[in-house]
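Consider the two complexes below, in which subunit A is the common component and subunit B and subunit C are the respective partners.
On to the complex of A and B.
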C-alpha cells in the first residue's frame, strides 16, 4: 500500500498518530535534532539530516528505573517500577538507524536471555523509516553504504517514507504498517507515478555512495584479531583519544550499561544507566585491579568489539555507519579510518 | 595581515623535525590529518619522519596541553601552543604537573581559528582576546597586532543581566540536557584528576545517571574545581555533543577571581594559583 500527504500538512498526520499512541520524532533543539516524544503536532519537522543522539533511547533509555526502596526497610517492601508500555510511533528513522535495531535485537532478545524492557517497547512500536535525501550529498562522516546499507532501504521499517518534492510518500512494508496506513484518514492514495518514484528512489539509494568502498566483515574481524597485540598500532590510532564517552552515547549500537543503586535521604532507586567502555572505571574491579588502564586498551576494545568480536560471535558488524561518533568526537577520531588503517597495516 | 596557515604548518614541520632529529625532545604534540581537511586531529610526532604528517589549518582548535600529563614526568616534549594553549601550559607548570625545562613551546600567533563542528570563528568567545602565545620558545610567524581587542568577559553581558533566580533556572535547564559523556572534563587541559571525584564511589559524590541532581553535582563541582585555574580555551563547550555553554560559568568565575585577586590564570609561571596562595592583601570580598 502506498499513500501520500503534503509535507506542509505533516502535522495532521502527526496529530492522528498522537491519537493512537506516543509519537517519537526528531525535534529541533539548540545543538541540532533529537528524537523526543511529541507534545504538539507542530513540532514534527522533517527538515533534518540526522539526530545527534541515536533513536536507540526510544527502546533503551539512558536511565531505566527498576525498583524503588527505602534504606533500612525489608527488601520485600521494595516496589518494582511498573513498565508502562503504550503504542509508540518512531517517526523519521534513517535506514542505517533502522538497521541498528536489528543488531540491538541480538543482544536484548536474540541470545536466549530476553530483556523485557527492550522487547516490550520494541513490540509496541511501529517504525516509520525515512530515506535520506538523495539530492544532497551524504555528510562527510557517514559511511553506511560502506557497510552495505542503502540510503533508502525500506527493510526493517513498518512504514517507509520518501520525500517527493512537496509530498511525502508512505509505503507499508509490514502487516503492522498496512494496518496503520489504512487507518490514517489524512493520507490520500498515491498515483502509479508515485509508485515508480518510490521504487526508483529505493534503487537509487542502493547506488548512493558515502565515503569509502564496500567492505566484507570477516576479513576485517580476522585482521583485528591479528592486530590485537600490536601495541604500536593501537597507540598510534588512539594518540588523540580523550577517552570520553561521547562516541558511545550517541552510537545506535552501543548497549553497555551499569546498574546503580542511587539513594537520597533514605529513598533509593535501583536503575540501569548507560555506561561506556571508554570510561576508566568501566573495567575497574572490586579488588582495585583494572585490566584496561590505558587509553589505547579502551579504544581497542571499542573498535574490536564492533569490528571483530561481534562478527565472530554474532555475524554482523556492530556498526551501521551513521557517522554520529565521528561527528560527536571532540578530537575527530573516525572509527572507519581506524578500520581502513588496520586493513592497510 | 592575513594569517598564512601554510607557513605556520611548514615552520611546525621544520621545527618538529629538527627537535626530534637532534634528540632535544622525544615527542612533538601538534596536529595531524583527520578524516578530511576540516577535521584535523591532535597528533604526536615521535620521530623525524613523523614530522612530515603535521598539519595546521584554521580548524586546529584543539588545546594540545591536555595531552602533556599523559606522558611520564620528565619526558622531553615540544608542544604547539596558540594563545590559550600557552596559558594552559603555564598553569600546568604553576601546578607542578609539568616542568618548564622539559618543554619546548612552539608558539603560534593566530586568529580566525574555527570550531570544526560549526565553522564558527572562536576568537571572540574564547582565548580571552589574546592572539599571541603568552609563553613560547620559538615563535612560528609574526606576532599578531591590530586585531580587535575584546575583553574575555564581553560575552558575559547577557548572562550577567540575569538575576540569581534566572541564572539558577538557566543552569538547571542546561544541565538537564547533559548526557554525562564527560567530554568536557576530558577535553579540559586542567581536568587531570585521576580519579575524577565523580567517578569515586567511596564516598560517592554524585549519582551516575543523567538526572538533574547528579548533573548539578558534577558540573557545579567541576566549575568550582576550575576556579582561578580555567585558562579560557573553550574546549569544554566545543567538546560537548549537546552544546551546553559551559564557558559562561567558567568565564564568570574567572572574572570574579581576577577582580578579587588581580590575577588571571596561566599568565605567568612566576604566579601561584590564586586559590592555593595566601597573600595578606587578598580580598575579603568572599567573606562578605
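On to the complex of A and C.
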C-alpha cells in the first residue's frame, strides 16, 4: 500500500497519529534536531538531516526507573516501577538508524535474558522510516554505505517514507504498517507515477554513496583480534581522545548501562542510566583492580566491541555508519578512519 | 528472579551470620527466601553467583558458597571491600544482623562443568578468600548422592595465616574423611599451627597430582594463579583440564549492561567459569 500527503499538511498526519499513541519525531532544538515526544502536531518538521542523538532512547531511555524504595523500610515495601507503555510511532527514522534497532534486538531480546523494557517498548512501537534526500550530498561523517545500508532502504520499517517534491510518499512495509496506513484518513492514494518514483528512489538509494571502504564482518573481526596487542596502533589512534564518552551517548548501537540507587531524604529509586566504556571507572573493581586504566585501552574496547566482539558474539557489525560519533567528537576522532587504518595495518 | 524481570531482586532474610576469619572482615551470610516460589525457582549449581542487593547502596556480584545439596538456605561469603574503593554494599551487609532482609538476583552465570567433571579425578586448588565457589563444588561432590560420580578428590587450600582460613569446621571434617585428600597450607603459621607452611604453588608441586583423567579447578589471587599454572603444566595437565573462575566489575549480571566483557565473552553470562584453553583465546583485557 502506497499513500501520500502534502508535506505542508504533515501536521494533520501528526495529529492523527497522536490520537492513537505517542508520536516521537525529530524536533528542532537549539543545537539541532532530536527525537522528542510531540506535544503539538505543528512541531513535526521534516527539514532535518539527522538527529544529534540517535533514536535508541525511544526504546532504551537514558534513565529507566526499576524500583522505588525507602531506606530503613522493609525490602518488601519496595515497589517495581510499572512499565506503562502505550503505542508509539517513531516518525522520521533514517535507514541507518532503523538498522540499529535490529542490531540492538539481538542483544536485548534475541539472546540470553530478555530485557523487558526494550522488548515491551519495541513491540508497542511502529517505525516510520524516512529516506535520506538523495539530492543532498551525504554528510562528510556518514559512512552507512560501508555497512551495506542504502540511503533509502525500507527494510526494518513498518512504514517507509520518501519525499517527492512537495509530497511525502508513505509505503506500508509490514502488516502493522499496512493497518496503520489504512486507518490514516488524512492520507490520499498514491498514483502509479508515485509508485515508480518510490521504487526508483529505493534503488537509487543503494547506489548513493557515503564514505566507503570495503568492510566485511568476519574479516574485520579477525583483523581487530590480531590488532588487539598492537599498542602502538591503539596509542596512535587514541592520541587525542579525551575519554569524554560523547561518541557512546549519541551512538544508536551503544547499549552499556549502569544500575544505580539514588536516594534523597530516605526515598530512592533504583534505575539504570546510560554508561560508557570510555569512562575510567567503568571497569574499576572493588578490589581496586581496573583492567582498562589507559585511554587507548578504552578506545580499543569501544572499537573492538563494535567491529570484532559483537561480530563473534552475535553476527553483525555493531555500527551503522550514521556518523554521529564523528560529528560529536570534540577532537575529531573518526571510527571510520580507525577501521580504514586497521584494514591497512 | 522476579516475574520475568531480571533486574528486580527477590527478597531474602539473613538467617545466620558466620564470622569466618580472625580479621573479622569476611563473613558468611545464610539467606532464606521470603517467597516460597522464589526458593522453588532458585536452582543452582556450584560455581554460579548472585547479585546481593541492598536498596540505597547497590548490588554486588558474589559467588554462591553453599552447595545445592544443602536445603533451606543459600550461603554467600563476603569480604568487606573498601581498602581502595568504597564498598558500599559489602560494608552495609557486614553491619547487618541476623533477621535483616536484603535482595538477591540469581542464580547467575555458568557453573563448574559438572558433567565434564564426572568420572574424573578432581584437584581443587584454592587460595585465600577465593575458596567460596570451590567449597560449594567440594560439598556438592562429597554429598552421598554424588560422591560416586567423581573419582579421587584432592583439595589444596592455602591462606596467608591460620586465622584467615575459611570454613575451618568443614576443613576439619574433610580431613577426617577417607574419600577426599585435604592439604591445607598457610604462608606463615603461628605458635599453635602444626600443619603445613608454604605457598600454594610449592605445595602443589609437592603434592604433584597425576594429570591422568584429572581436572584441576583453580581459584585464588592473581599472584597465586600466576605461579600455580606453570606447576600444573609441568605436571602434564592440558589447558582444557585446568578450570578457573574470572572476576570483572558487573552490574546487570545477565549479559546486558556491557560491563564485564573480556573480548566477545561476558564474564557474567558466558562465564565466570572458563578453561585455560578458552581464556587463551581471549584478549588479555582483564
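Odds and ends about this structure:
By definition in this document, the second predicted complex is superposed on the first by the 344 of 345 C-alpha atoms of A that agree within 3 Å, B and C clash if a C-alpha of one lies under 4 Å from a C-alpha of the other, contacts with A are read in each partner's own complex, and residues count from 1 in each chain.
Note that contacts are C-beta pairs under 8 Å (C-beta built on N, C-alpha and C of every residue); 3 or more make two chains touch, one makes a residue touch a chain.
All values derive from a computational prediction rather than experimental measurement.
Overlay on subunit A: subunit B and subunit C fit together in the combined arrangement.
Within the superposed three-chain model, A:186 lies out of touch with both subunit B and subunit C [touch as defined at top].
Applying the stated contact rule after C-alpha superposition, one finds that A:331 touches subunit B and leaves subunit C untouched.
Between subunit B and subunit C, it is C that contacts the larger number of residues in subunit A. Once the two complexes are laid over each other on the shared chain, residue contacts for A:85 go to neither subunit B nor subunit C. In the overlay built on the shared chain, the residue A:258 is in contact with subunit B and with subunit C. By the touch criterion stated above, A:244 is placed in contact with subunit B alone, subunit C being left untouched. Taking the Cα centre of subunit A as vertex, the centres of subunit B and subunit C in the superposed model span 90°, given to the nearest 10. By the touch criterion defined above, A:215 lies against neither subunit B nor subunit C after alignment on the C-alpha atoms of chain A. Looking at the shared chain after the overlay, A:124 reaches neither subunit B nor subunit C. The superposed three-chain arrangement places the nearest Cα atoms of subunit B and subunit C 5 Å from each other. Put simply, subunit A uses residues 258, 260 to touch subunit B in one complex and subunit C in the other. Across the complex, subunit C is touched by residues 66-67, 69, 71, 74-76, 78, 80, 107-108, 111-116, 225, 228-229, 254-261, 263, 268, 270, 272, 275, 277, 282-288, 291-292, 297, 301, 304-305, 308-313 of subunit A.
Within the complex formed with subunit A, the subunit B residues making contact are 34-36, 38-44, 62, 66, 70, 116-117, 177, 179-183, 185-187, 194-195, 199, 207-211, 213-214, 235, 238-243. On the side of subunit A, the complex with subunit B involves touching residues 29-31, 52-53, 62-63, 140-141, 211, 239-240, 242-246, 248-250, 258, 260, 262, 264, 271, 273, 276, 279-281, 295, 326-328, 330-334, 336-337. Of all residues in subunit C, only 2, 4-9, 11, 34, 55-60, 81-85, 87, 90, 101-103, 247-249, 251-252, 254-259, 261, 263-265, 269, 283-286 touch subunit A in the complex they form.
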